[in-house]
Each structure stands twice: as C-alpha cells, then as structure tokens.
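Each of the next two complexes has chain A plus one more chain, namely chain B in the first and chain C in the second.
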Partner chain A sequence: MAAPLTLLLVVAVTIRAALFRSSLAELIADRVEVVSPISAWKRVIEGLALLDLGVSPYSGDVFHETPLIIYLFHFVVDYAEITFMLADVITAVALYIAVKDVFLLFQSRKQKFALEADRYPMDCLELMRSPTEMYYIPLKVAMFYLLNPFTILSCVAKSTCGLNNAVFSLFFLTTIKGNMLLSAIFLCLATYQSIYPLTLCAPAMLYLMQRQYVPVNVRRASFWWFVAQYLFMYLGSLFVLVGLSFFLLGSWDYLPSVYGFILSVPDLTPNIGLFWYFFAEMFEHFRLFFLCVFQINVFFYTLPLSIKLKDHPVFLIFMQLAVISIFKSYPTVGDIALYMAFLPVWSHLHRFLRNIFLVSCVLLACSALFPVLWHLWIYAGSANSNFYYAITLLFNVAQILLVSDYFYAFLRREHHLTYGLYLKRKDGSEATLVLK
Partner chain B sequence: MGLLSDPTRRRALISLLTRLNAPICVVCYMAGVAWFMGLAFEPFTLRTYMSENAMGSTMVEERFPAGERALATGREFSAHKKRVGGMPVDWLVKTMQARGLEVFTQRFSRTLPFPDEDKERYMVKGTNVYGILRAPRAPRTEALVLSAPCSPGDHNNQAVGLLLGLASYFRNQIFWAKDIIFLVNEHDLIGMQAWLEGYHHTNTTGMDWSPLQGRAGSIQAALSLELSSDVVTSLDLILEGLNGQLPNLDLANLFYAFCQKIGVLCTIQGKLQRNDWDSVSGYSHAVQTMMLMVLKQASGRPWGDHGLFLRYHIEAATVRGINSFRPYKTDCTTVGRLLEGMYRKLNNLLERLHQSYFFYLMPSLSHFVSIGYYMPAFGLLAAILLLRALDLWVQLSAAPQRDEDGVTDVEQTAPGVLSILTPLVISHLTGAALYSLPVRFQDVAVEHFPVSETEAVVLTAIAIYTAGLALPHNTQRLLSGEGTEQGWKVLKLLALLYLAVLLGCTALINFSLGFILALSLVPVAAFVTPHIPKLLSAVVLVLLSPACTLLFAVFFFHELQETPVSFHEGWLLYLSVISQGILDHCLYGSLLFPLAALLLYPCWLLFWNILFWK
Partner chain C sequence: MAAPKCGLSVFLFILFGLTITTLADGHGSTLTDGQNAGAADSPEAAEPAAERPVLEERRWEATEVQEATSSDAADGKQETSPPQTVITPSVPQPKDDFQEELVIRPLHSGDIYASFQFRTLWETDFMRGNKVSHYRLFPKSLGQVISKFSVRELHISFTQGYWRTMQWGQPFLPSPPGAELWVWFQDTVTDVDATWKELTNVLSGIFCASLNFIDSTNTVQPSASFKPLGIGNVTDHRFLRYATLPREIVCTENLTPWKKLLPCGSKAGLAVLLKSEKLFHSSFHSQAVHIRPVCRDWQCRSMSWELRQTLNAVFDLHTSGQGKREWSLFKMFSRTLTEACPLASSSKIYIDVTDNPEVLFLSFDLSPATSLLSQAVVLGDRRTFSVYDLTQQATFGSVRSLNLLIRWKSSDGDMLRPLLHAERYVAGYGLQAGEIHTLMYNHHPFRSFPVLLLDSVPWYLRLYIHTLTVTSKGKDNKPSYIHYQPSKDRVRPHLLEMLVQLPPNSVTEVTVQFERALLKWTEYTPDPNHGFYVGSSVISSLVPSTVAMDTNSTQEMPLFSSFFPNKEESSYFVRVYTEPLLVNLPTPDFSMPYNVICLTCTVVAVGYGSLYNLLTRSFQIEEPNPGLAKRIANVIRRMRGVPPLS
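Let's look at the complex of A and B:
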C-alpha cells in the first residue's frame, strides 16, 4: 500500500509546486474564500517584518496568527512553500495511518461480533463492510485530502490553515494510536492555534477511554480519574504553550490580538462564513449578544453529540470538525477540506444518505459562484454584497445538510444493526423510518 | 424541510420527475424560449425612469451656442490631420491650451499578436491628447470624461470639433463641481486602453505607454462622442461594453430624457422606437431591437470607445450621430446643447451612479427588462440540465440495488474512474491547445502554407477545433477499453453538472451569452446518449456546437441589422469575427475566447464523446 500512497504524494506535491510557480498563485492568495484575516500569508509576512524591526508583530492590527507560527516562519520563511507542502503531506500521511488503524480496530471488533453473532440480525451482514472495501479507504482519505481542490488552493495561497490541519491530523493519529500524552499535547497545540478544537476534548477522551477499557459512566471513579488525567495533561501543556509565547514575545499582546480577534470578530472582510454580513448589518448595541449566540453555536453541539455518539468517538470527531468549520468565525476552504477528507471513511453510510445529490450539486455550484459574484460585486460593481452573502448562506446550508445527512445515516445504520435491515410493522407490512 | 426528510413524499416527487422527465424538459425548453420572446412585449417590460435623485429633480438650462464654430474647428482639425497624416498632436495641444485647459499627452505603442486585417494595423504607435478643465467650485476629487476618437480618414472630425467647442464653452461656466477631462484618443480602443491603464496605474495587457503627467479625480462617468457629419438625423446610444458589461441604466435614462427634452431623434441599436406595440410589426420591431442588444452583449466586445471604462467601474456610453435620408435634421448646436445638459446633470451627482439597474435588456430606449424578469428564461433552460442529471442519478443509484453483490460493484466502478477521467483530461487538453496554439504557431503556419498571419491564426483555430472532434473518442477507446453502460451515465452526469455550473456562471456575468449558449447546448446535453442514431445525431451535435452557434449568430446579426449577407460573405465575416475575438482577448482582456476554448468546447466534447461511447 505504500507505493500508491507515494505516487499520490508525488502527484500532489507536483501539482502544488507547479501552481506555486504559475501566475495563479498570487491570484489565489488574494481570494477571500481561501485566506482569512488570520491565516493570510500576506499578514504573516507583515508580522515577520514588524518582528524583524523589533516591534511587537501585533501592533498595527494586521497580524493575528499565534506567536509560535511567527517564530516558526522566522526560521523557515525562505522555505515557506516547502513548509506548506510538507504540512499537507504530514496531514495526509497521518490521516492515512490513523484511518488504517481505525479499521484494524473495527475488524478486530467485528471478529468479536462474529463470536456473538446471534446479537445481530442475519440480514445486517450487507451493512458490514468487506475487507476489500476497507482496504482502499485509507488511501481514499489521503486522496480526498491531497487532491481536493480546496486543499490545493489553500496550500498554494500559503494559508496557515494548512498548518492547523497538520496539527489536527497529528492529534488524530496520536489519539487513534492511544497515546494519551501526545494526544493531549497536539490537541492543546490545535486549541492554541484557533481555540475551537477545544471541543475535540470530548471525543478524544471517549476514544481513549474506549481503548483503555475505562467505562464511560459518570458514577465510576475510574471515569473521573481518567478525565482528570487527560485534562491535567491538556491544561498543563496549554499553560506551557501560553507561557512560552509570553516569554518569546515578552508581552501579553498576543492574547487579545489572537483570541480576542477570533472571539469578538472585529474584521468583517467577506468570507465563506456566516459572521461577516450579519455583524456588518447589525446595530452596535446588539453586537455582544449576537456574538455570544454565534460563538456558542460551535460549542453548543458538543454535549448532545457526545452523549448520542459516545460509542463512536471517531464519528464524533468528524461531526465536531464539520461543526467547527461551519460555525467558526473566520472559516476558509481549508477547514472544509479537512472534514471532507473523512467522507470516504463513512462510505458504508452511502445507502442511507438522502440528499447527497442535492448537496453536492449545491456545493459545486456555490464554489463556482463565489468568484463570479465576487467579481460582479467588487470589480464590475454591478452586483452587491447581498448576492455574495446569498451564496455564502447557500453554501453553509448545504454543508449543514451534508453533515446532518451523515449523522442521520449513521444513526439509521446503528438502528438497523440492532433491529434488522428490513423492518416490518406489527401487521407484517414493510415499515419506513421517518425522522421527525 | 418536509420534502427533505419525509421518504414517501420524496419518493413520489422523484418518481414523478423521472417518469415525466422528457416531457418536462421539452416543456421547460419551450417555456424558456417563450418567456424570452415575451420579454420584448411592451406590457411585460418596465418603463425607464430616473432613479438617481441628484439627476432627476434638478433643472438645467442648456445654452451652448457655438455649433458653427465647433464645426469650423472640426474642419481645421481635419485639415491638420490630413497634413500630418495622423493625429495632429501639436495642433491639438495648442488649441486646447488656447481654450484654457491643462493639456497633457500620452504616448503608447503596442504590437498586436497578429495583424488586424479589419482595421489594417499591426505595430500600433500613437498619442493621446487630453485636457483637464479644473473644477472651480469643488475640491477636484471627482471627474467626468468626454472623449472623441481620432479616426483615420474623414471620420469623426466633427466630434473632435464639438469636443473642443464644448471645452471652450465649459471653461467659461462657473458651476463645474467635477473636473472635466476632454480626451482625444488615437487608434480607438487601443489608445483608450493605454489612457485608462495610465490613469489608474494598472497594466493588465502588457502595453507600453508613457505615464500620465496630469490627473484629475476619480472618474464618475464618461461619454464617447462619434460624429461624422455636420448635421445628424438621429443619435444612437451604445451601451454594450467589454465582456457584456453595461453601464448603469440611469445613464441611458439621462440620454433619453434630454433627447425628449431637446427634441432629438434617439435610437438604440440603430432602431427608432415605435408606439404600436400591440401590432405584430411593432412587436417584431421590439424583438429585433432586443435581439440585437443580446447578440452584441453576447459577443463580449466593446461596441464603442466607452467599453473599456466599464472595467474600471466608470459608467460610460457612446453617443453616435447618424445621418440618414430622413428630412428632419439636427444641427451641431443642438447636439452640443444635449451634451451640455447631460454633463451638467452628471455634475450634480453626489455619489457614483448606483441607484438604477446594472443588469437589463432594452427592447426600446423607453422600456427595459430587468434581471428579475429575464433570469427565469435562463433558469428554465438550466433546469433541464438539472432534471436530466437527477434522472441519471436516480438510474445510477438504483442500479447497484438490483444486483445485490457488493464485490462486483466495486469492480464495476474501479475502471470507471479511468474511463471518465480520460475523456475529461483529453477534452481539456484539446481546449488548451485551441486556446494557445493558434497565436503561438502562426509563424510556422505562414511558413508552410500560402496564407497571411491572420488567416493562419483563424484557420489553425478552426483546424484544431475540427481535429478535436476526431481525437477524444478514439483515444478513450484505446486507453480504457470497453466502456460500460454505467460509464457513460457517470460521464454524462458530470458533463451535465459541469455545463449547468458553467452556463450559470456565464449567465450571471453576461446573460446574453449564457442564454444563447444555453439555447444551443442544452438540447444537445439533454438528448445525447450512445444509443441514438449516430450519423444524424452527430450532424445535429455539430450544428449545435459553439462554433456553429457563432456562425449562425453572424448571419442572424446581419439579418437583424437589415443587411443580409450571402453565404460567402458570411463565411468571410465569420473568419474575421474569430480573429477579432482572439485579438480582443489579447488586447483588452475580453473573456469570450478563453471561455469558449478552455471550458465550453471541452464541455461540448464530453457530449460528443458520450455519443461515440463504445
């Protein structure tokens, strides 16, 4: 399996290198869909210039990345292109290995199921995946990430989103491998980068508990002991990172400039998210209230989803990622690419998906319409922001439909696994499942 | 959301859509065409009205007296032009200075990628002369432009004369709140491009020009003037700019309002307005006017010197004087008064023209169709593509359920990826060749064949286009072997969605182009399968391909202009239209040629490929 992966990596790197050399790179780097005020490479360069001049990079309200990023690029700024390609490769390889491990685990568990086969109705066998099907899925995941146009655009624009994705994928890998400390450290790094991955704490803990056979039961002391251990490692490393940033810069400037910027959304440059138009239109005195409402959206779904999906932490991670990338304050296409990479993992849900055709049509059309409407609004001056926001809205509705569709399909498969695939009513006629 | 989650209702709707797919598609197509034809019917259109308050309620009095003197200046200009054999730069500078303007010149040069046989130019060198009348009443942050091209021969001398006359008259008025730039540009659009690029410090097309020495504020509006006779019977307003962009409708309204006030005959597309909308001939007149606008807009080329202003977010139009055999004539003084009135209203603007519509079609100068009315016509055509795609999707997703074996499924789709990717890649490579080769290999072609450069470019383009018809389906058979039934369905599904997105985006930027392409490509996309009679459908497919659509459009355009051409003339025109299209792309950045070569043609090739699917 290494050979196809290598081939894939070579192809992906070639595409990126070719695009870096072409005149398109500059065009892509200016697209608001691809870079956000946080992740724009232009702003990183500005921050570096300020740092070199001995001024705090956060003075002047241009640079909003974290101190670690700027110190990273302080050393590798000449190799920025390679760094970003490397980040994509790391993400893809980490996802590849992690997904492979997930399936090994599935298989071992399936053997366990085979032992107690009487628990499952016979007709559910077709819901199980055959090993041949599973064999290609890790490769497909890597392919979905590396060859996704969204990822390519994001990489060519040198959006720091690619680095965040790499950190996330390392977190995912270490969690799947069951390494508690590294998982906590990488999760903390991801949180440090953009706050929102905070919500991934829950699935990570659930997964590790499952792996170490700790019962997920709030009445058990072992459960709380485990949570305390994980949170201690997580908060400890967060403390170290924050302290390190302080000592690197010698000031707390970065806290309001990075996290304040993410949470209070002062920059209303249009992007593919839901915030900008809403807050540009709003009266100032409602701002705080709606800010809270919008931001709580990201964190709100964690608890119910964790309770519902407590036996399926990997799916929970996927759901959380999607929720983050839809509701975060400065989303870019790179964030979307990350959760889309997980779609092949759920290929066994395809028979239960209902709106996939509609959703993929809408996503496709919206992706093409973004630059068109931007052109009409900004350059031609014949359209206005409402046109662009309409497409943003449609794009996000499609994403939400996609995610809820997968969620529904997942639950439905679980239901069929317990009650049999061909449901009968009490009178013997065929029953249908209705989501209400 | 009930529809999205209730399985019974979904199933009912989907089965309805798949069972009645063909009839619904036919109905949609007819309805789309009927809707479009209905747009020209006067009761369905809106009357134009002035939206901009700053131009609407204020009264201005036009007093321009010096039409005769302007004509004399024009004759002087003509004499100097003849003597110098081009643009009389020194005379223009001197005359403008004498009229109290700040005068500057700009030199530019440009070598065309291949000779332009229509206008007989290859290595273009020229000078723009412009004078700025500084606004006496305001801080000079905004400007208006009045331009007149210095054309070869006897054309446009009166326009330059009137421009200079207006300049000396405007100089003595005290109410100007915006700088007024009087521009005489050489080599029509090339000079205009150089001047605009110089003014805005951009360089998008790699032209050489000397930087501008004097600038005024940000330009709010511009008019380009074309007058070739001492008296005119009517004034024609030209709106279509680069890539089908139109100025704000208020500019047209302003022109119309002043024509009404002063009593000048005004036309659009060279067609007078008629009042008998309820008669057949009146309706067909309106349809002709609208179709001319649609064809001109679809061509994506600037139809007057104003066309390039629109790219810089400046509302601009060309006013062209027409002298026909009508007995009632308008003299130069009246035209001058009309322009004076328009500039005084524009002078009152407090912000850029933005109140009125940017997306419209005009069946006459007094009526327009806005985007909300014409988009459904396109939407009905685009819906066909989505319906066909839905139908295919249902077929494709129903297929695996019949054979209940998971393993064979995977094996069926695995080679599918290659057999679908191959035509996609090949057709796009053909498109890329069509885009880049004609201009690049003109030298080689000229060496080996007895043709001129221009002919070489056009004929190479046509040759690549035709060769593309033979290439893709052969190579596809070669590479991936037997195509499956599912293979072509997946390919067609992709091609349908591709076309739908492509046409949708095109229609948003340039409705006319999107609609014309939809008219010809949607039937092809809807009916093509490998199981229909090959020869007949191949002929239909070729007839409805983008290149043939262009050929028909050329004939249709001349038919509408009431200058029908014979087939041979039409063919020559067709060749020159292609060369002009490529030139427009190289010179001004018109997007029609790359759109056609890189996206439309490959997309059409996919359908061609499906027809010959083995």
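Let's look at the complex of A and C:
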C-alpha cells in the first residue's frame, strides 16, 4: 500500500511544482474562486510587508489572517511553495491513515461482529462492503484530495486554505486514533484559523466516546464528565492560542480584524459563496438581521445532525464540513475539495443516490462557467454582476443537492440495514420507501 | 502725487514675494506676500532701510535696486513710489490693513494668467479669552470660525480645471482640481476629529460648497507634507487634517460668498473684474482662502492674523482670446478698472514683462506704458514686472479708466521648463485590479533634490504596499522615508507619504498595485459607471533655484557675490499637484435588490428544507393512495351509511 501512495504523492507534487513554475501560477493566484480576502497569498505578503514597515498588519483592512500564520510565514516566506505542497501532502497522508483506520480496523470489525450476531437481515449482505472493496478506499481518498483540480488550484494560488485543511486533517487523524488531547488541540487550531470548525466539536466527542465505550446518554454522568474533559482541553488550548497571539503582537487588534471580519462580512469581493452579492444588494436596515440569520445558519445544523447521526460521527464530520463550506462567509474551492475528498468513503451509498449525475454535471458546468462569466463581467464588460451571481447560486444549489443526496442515501441504507433490502407491502407487492 | 525727492538717489523697491519662496533652512515655512516698501535716501541709508521690511516680513526675496527706465525718467516722470508705508517697528501701525493686487503673466502658449491676491492683516488675537466682536476689514464669518474652532491655520481652495505645468510653468499658488482643505488646529483642541467635522460643515455653509462630504473616509493626517505656513512651530500632525474633494465642481455659487469676504465686496477695486460669466469661461479657475497667524514685527513679539484671498484664472488663447495674441483687461474680464478699493492701503497691478527685457526686442507691447518696474525672484526665477499703482489717479489717465492692453509682436521665445513636474495615471485593464503610476520629472541638468510625495487613496482601492516600486533611470530608488497608513474599510483612506531623491535630469516612476472593491449598492455615487475620483498626489519639494543655475544673471553680478550660491536663492519651495484619477469600480445591478434577496434566501431555504426534511422524517413504506374518485365515492357512501369501497 505504501508504493501507490508514494507514487500518488510524487505525481501530485510534480503537478504542483510544474504549475508553480509556469505562468499560470500568477493567473490562478488572482482568481476570486480560489482565494478569498482571508486566504489570499497576496494579502499575507502584504501583512508581512506592513510588519516590515513597522505598521501593525491589523491596522488596515487588507490582512485578515491570524497572527500565527503571519509568524509562520515570517520564517518560511522564502519556502512558501514547499510549505503549501507539504500542507497538501500532510492532508492527504493524514486522511489516508485516518480512513484506513476507520475502515480496516474499526468499521470492518464492527460489521463482522454485527454479521456474526445476525443483526442484519440476510438480504442486506449486498449492502456490505467486502474488505477488498474497502482496501482501496484510503488511497482513493488521498487521490481525491491530491488530484482534485480544486486542491491543485488552491495550492498553486498559495491560498492559506490549504493550511487550514492540513490542520483539519490532523484533527481528523488524531480523533480517529483516539487521542483526546491532540484532537482537542488541533480542533482548537482549526477554530482559531476560521471559527467555523467549532461545530466539529460534536462529531469529535461522539467519535471519541464511541471509541472509549462511553454511552451517549444525557442522563449518564460519564457522558457529561467526558464532555467536560474534552471542552476543558479544547477551551484551554484556545485560551493558550489567543493569549499567545496577543503576546506575539502585543495587541488585541487581530480579534476584530480576523473574527469580526469573518462574522460581519465587510468585504464584498465576489466569491463562490452566497454572502457577497446578497450583502451588496441588502437594504442597510436589514443588514444586521440577515447577517445573523446567515451566520446562525452555519452553526444551526450541528445539534440536529448530531442527534440524528450520533452513531455515525465520521459521516457527521463529512456533513459538517459540507455545511461549513457551503454556508461560510468567504468560501473557496479549497474548502469544497476537503469535503469532496470524503466522497470515496461513501462509495457504498451510490446505489441510493438519486440525482448524482445531474449534480455532478451542474458542478462541472459551473466550475467551467465561473471564469467565463467573470471575464465577461470584469474584463469584457459585456455581462454584469448578475451573470456571475447566477452561477454562484447554481453552484451552491448543486452542492446542497449533493450533500442532501448523500445524507438521504446514508439514512436510507441505515433503514435497509435494519428492515431488509427488499421490502414488501402488506399485500406482498414491492414497496416503495418514502419519508414521512 | 507725492513724489519724493529721489531723482538723485537710487530707488529701492521691495516688491512682491508673491508666492511661496522658501527658506533655505528647510523649516518649510514660507512666505507669500506682496508688500511694497521703499526708501529713498542716500545709498548708504538704503541698505538698512531695505533691511527692516525684510525682517518685518521675515524673508523678502532679493530686493532689487532698480531705476525704472533710464536716467532721464528718473528726474522726469516720477509717478512711481506711492505713499509708501515704510513699515518700521517704531511707527504705530493701523489695527487692520487691506492690500490688493493683480498679477498678469502672459504665457508662452498664448494663454494669459491672471492672479488676484487680497490680503487683510489684523492685529488681534482670536484665541484670547475676550471675545473679538468688532470687525472692520476682516470678515466676521471667518473670524468667528477661527475663534470657535480654535483654528491655527486654514487653507481652502476651490479649483476648476487642471494646471498644466509643462505649458504654463509653475503657478503662484498651486491647488489641486476640486476642493482642498487643510487645517491646523490649536493644541488646545481635545477632540480634533469632532472639531474638524463641525468645521467642514460650517465652511460648507460659508462657501456654498459640498465640504460637508468631508468625513473620515477622505481625511488624512499627513506627517510631513503640510507644515504650518504661519508662525508657530507645531510639528505634531495630530492637529492637522487634510482632505480633498476631487469631484467638487466650482461655480458662481462659490465665487459669490468668496467675494463677499472682501472689504469692498465686488463694488470697487480689483474685485470689480471678478465677474463670473468671464471667470468661469476660462481653462483654469482657482479661488482660495488662506488664514494664518503672522508676526506683527520683526522680533515677533506679537502676532497678527492674515487672511489671504487668492483667485487665479488662465484665459485660453482660442476660446477667450479668439485666437489673437492680444489681451486686455476688458477682453479678459469684460470690465475695466476705474478706482482702487478705498479701504485698501495698496492696490497694484503687476504685469510680468520678463520676456521683453530689452527695449530693442519687444515680444509684446504694453499699453498704457508704465515706467515703474520691479524685480522679484519668484519660484526661483528672477522676474521683472511692470507695476501700475491704482491708488494714483494718473494711472487711470484722462479717460478715468484703466484697460491694460498686451499685444504680442512675435510669438517666439522659450519658456524655462519647470524643474519639477509630475503626472499620474492608472494602468491595467478590467475591473479587478490596477496599478497607479506616478511619474516625477526632475529637469534640473545637474542637481538632484528630494521630494515628498503624498498620496491619499480611498479605501475602495485596496493598495498593496508590497508592490510599491520606485525606479529612476531604470534603477531601484529606495525612498529614504515611508509613512504608510493602511485603509480601514468605510472608515479611513490609505495614506502614503515618502521621501524620494530625484536624480538630475530624470524621470522617477512610482508604481503601486491596487484591487478594486465591490461596494454595497447604496455606497455608489449617483452615476457609478462614471467612475470614482482619487484626489491628486501632492509633491512638495525644495527645488534648486534657476537663478543659481542661470549664468547670465551671475555675469551681471559683481564677482564677489557670485561664487557661493546665495542661500536664499539656492532653492525654493514648490508644491506640485498631479492629475486626479478617475477609476471605475465593478458595480452590482442596482435594479434588483429584491430579486437577489429572494433568490439567495431561496437557496438557503433549499438547503435548510432538504436537511430539515431528512432530519425530522423517517422512512416508511408507502401505502397506496386511493384515487380521488374513490375517495369522493367513499365520502358519499359514508354519508349514505353504506360500507366504503376498499
């Protein structure tokens, strides 16, 4: 297994290195789909330049990355390309190991026990995945991440989104490995980078509880004790990070400039998300209201999803990632690439997907249309902002359909695992399943 | 006609330091004035007599000893020297004093430049506890502004058109297109921003201008470019505010309140000429008000307040002059002069005759002729002026009206190129990014000099300071001082100030990249596709004097005076404004806020709805749904009491 992975890494790094050397790199770095005001490399450089001039990078409205990033690049700015490639490699390897763990060790064992205990109806055997099928899933995950054009673009543009993805993947790996402290630390790092991963607290705790056989039951003291432990570690490391940032810069300026910027969306530069045009066209007295609605929307799904999926924390992580990347204020294609890397994990759901063909066609078409309509609007002047806006809308609808389709398929498979695959009506005719 | 007995002796005129003449020691405090003093005595007495006014106004430029035309004119027509106020510290001065003058300079392009200056000096102190309530010459509206807002210095200008430095040379008082306002507050002001806001609103009312649009998004605090011009050694730029409104249109409604500030209004004196129908039919029009404290005497024991109102206009050869190189007061202003302002202590017209110095070679004719000449070093260049004193009845001649006529004989002649000039443009295409190029030309053949460049760029053009490059002669020219204040969205603009050394005979190019922001739809101006204005860059510099470089003038001088360059003439202060920029921004569709709100909310609702659906419902086997006909039949059967159909 190591050989294909090594080959994959070599191929991925070669592609990136070749693109870095080509003239495309500059073009990609300016694409609004690939970089957001937070993650743009140009702005990181600007922050460093401001620091060199003796001006606080947060005194202006150009730099919005966290103090740790600026200190990281203070030292490795000359090796930025290597840093970003390394971040992608780390993400891929961490996902690879984590997914391998999930399937080969944990899930297959669980499945085996369940089969032996005759928990599943007999006709559900075809819903099971054989170990040989599962064998290549980790490699596919790594490949989906490394060779995804979105990831490559993001890496070549040196979008700091790649670093956030690496932090997330390390969080995922340590959670899967069952290391509570490291999991909390990496989750805290991810939160520190961009608030939204906060919602991943719930799946992380659910997974760790599952691993340590703590019952997920609100009436049990052991449940609350576990939650308290995890939250203590999480908040403790968050406190340390925030304090560290304060001591690095000697001021609290970064709090409004990073988190205020993410939450209040003052920069309306077009991107692939839903926020920019909505708030450009918003009536001023409704702005705050809709801002709250849209931001709450990102965090809102955590609780119901955790309740519904409390036995499947890995799928919950996938759902949370997708919700974040669709509804966050400054999304980029790098965020999408991260949750798309999980798609091979759910390959056994494909028979229940309803409109995967349509959705993938729409996603592909939108990805191609983004640069076209951008050119028509910004450079040719023959289109206006509505064209680009329409494409972002469609792109987001497609993403929503994709995610809800996977959710549907997952729930349906779970239903079949309980009630059998070929359901019959009372009169013996073939039944159709509906949601009621 | 009080002609003093001066035929035998040499005359001494102090004249006219009309524009900013800089102090060599680099304090940056400058001096602009037209004051006339003379001393008619023996040659040995002339020196100290000349010295006194010099000291009184701190720095007078080269006071030239000059007999008007020839020796016979000296004993013949001595209509010169008006009742000149020989200002000495011992003589008690009047409480306030008003002077007016007009300088006309024929330009090489055939256009003509007219510059009015009105100066009111008042020996009072607004800042003292007792309220100043009795106003005579000084306008009450401005006096109240000074005392209410604790203003130390106030400079405001309204300009229509762009001064073409390469065609017209340096103006006496530079000003950027649109409105410019800069104010130094007293250090007793605690909340400078609030005072500034209030002051701009008041000035907006006084001058009928949109100065109330000055807010924090276009106000900066330059750290080095704008030093106080009056007395006071304040260097703490917390008390300085600078703002420009490049889009401001200047018209009659700004001129009328400006004229009302004059003691004679537009009823008498030079202000009679200021008729808006002609003034605004010019290629360049600029009116300004400068208020500053100045020294009352040479020891500077007490101070006076100086109000200087200036108005500059350039009349175009083709539109105003019908293509003929022939100018008169009537042609320019459609008025002639009949009297001086009775309240004025001095009222003069200066015609720049530097270009026809010799009687033999006249490039233009001047009528009526005057024998009174004066020389001054203006902007580093020695200029000769013909002077008409309006307080002398003889000036108006027998027709009781003065209509100066300037008629060109030949159109050749070379203009001395301005040593410093600058231009600016936006490069790049598309609405995403761009690059601002500022070109600064040093035309001096062998001297390099430093310039201070000030750029104030609105926040919606996001400057990337790491892309700043300064190159001259193809080489990187690292600025020795950079003061950069990044912008805050919707709060404050970018401020970039830097000190660049311009090598001799070179072009220095400053480039910086920017990104155009998409604004909220309510933040666009009424005509968003017209573009957004970016105010002029300001280039302030001490430029080496052309006098020092001019070998002709040194030839005439005694050898002992010409080896070391004269300190005061060796450099002079110049401020150059570049063109304002017009930048297009991407625009949203203004017609569809409702549609966008509806559509985006729909998408969010699709996400919410599909997840809600899956979260709250569970899978069930679909029971066959009886058809509509069957259901209706069953209802009827139930009413009839018959068992329903299955």
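Here is the rule we go by: the second predicted complex is superposed on the first by the 422 of 436 C-alpha atoms of A that agree within 3 Å, B and C clash if a C-alpha of one lies under 4 Å from a C-alpha of the other, contacts with A are read in each partner's own complex, and residues count from 1 in each chain.
Simple rule for what comes next: a residue touches a chain if its C-beta (ideal position, glycine included) is under 8 Å from a C-beta of that chain, and two chains touch if they have at least 3 such contacts.
The shown structure was predicted, so the numbers you read here are calculated from the model rather than taken from an experiment.
J.: Chain B or chain C: which reaches more residues on chain A?
T.: C
J.: Of the two partner chains, chain B (first) and chain C (second), which one does A:379 touch, if any: first, second, both, or neither?
T.: both
J.: Who does A:250 touch here: chain B (first), chain C (second), both, or neither?
T.: After superposing on A, A:250 lies clear of both chain B and chain C.
J.: Once chain A of both complexes is superposed, is A:354 in touch with chain B (first), chain C (second), both, or neither?
T.: A:354: touches chain B, not chain C.
J.: Report for A:133: first if it touches chain B alone, second if chain C alone, otherwise both or neither.
T.: first
J.: Is A:308 contacted by the first partner chain B, the second partner chain C, both or neither?
T.: A:308: touches chain C, not chain B.
J.: Taking the superposition on A as described, I'd like to know which of chain B and chain C A:365 touches: first, second, both or neither.
T.: A:365 sits against chain B, while chain C stays out of touch.
J.: Which positions of chain A sit in both the chain B and the chain C interface?
T.: In chain A, residues 379, 401, 432-436 are touched by chain B and also by chain C.
J.: Under the definition above, what is the set of chain A residues touching chain C in their complex?
T.: Against chain C, the touching part of chain A is residues 30, 32, 42, 45-46, 48-50, 53, 55, 59-62, 266-270, 274, 276-284, 290, 294, 297, 301, 304-305, 308, 323, 326-327, 377-379, 384-386, 389, 393, 396-397, 400-401, 404, 407-408, 411-412, 415, 423, 425, 431-436.
J.: Quick one: which bits of chain B touch chain A in the complex? Just the residue numbers, please.
T.: Against chain A, the touching part of chain B is residues 4-8, 10, 245-246, 310-311, 313, 352, 354, 358-359, 386, 389-390, 393, 404, 406-407, 410, 497, 500-502, 504-505, 508-509.
J.: Hey, which residues of chain A end up touching chain B in the complex?
T.: Within the complex, chain A touches chain B at residues 126, 130, 132-133, 354-355, 357-358, 361, 364-365, 368-369, 372-373, 375-376, 379-383, 401, 432-436.
J.: Provide the residue numbers of chain C that touch chain A in the complex, in ascending order.
T.: So the residues of chain C in touch with chain A come to 429-433, 459, 462, 464-466, 482, 484-490, 494, 515, 517-522, 586-589, 592-593, 596-597, 599-600, 603-604, 606-608, 610-611, 613-615, 617-624.
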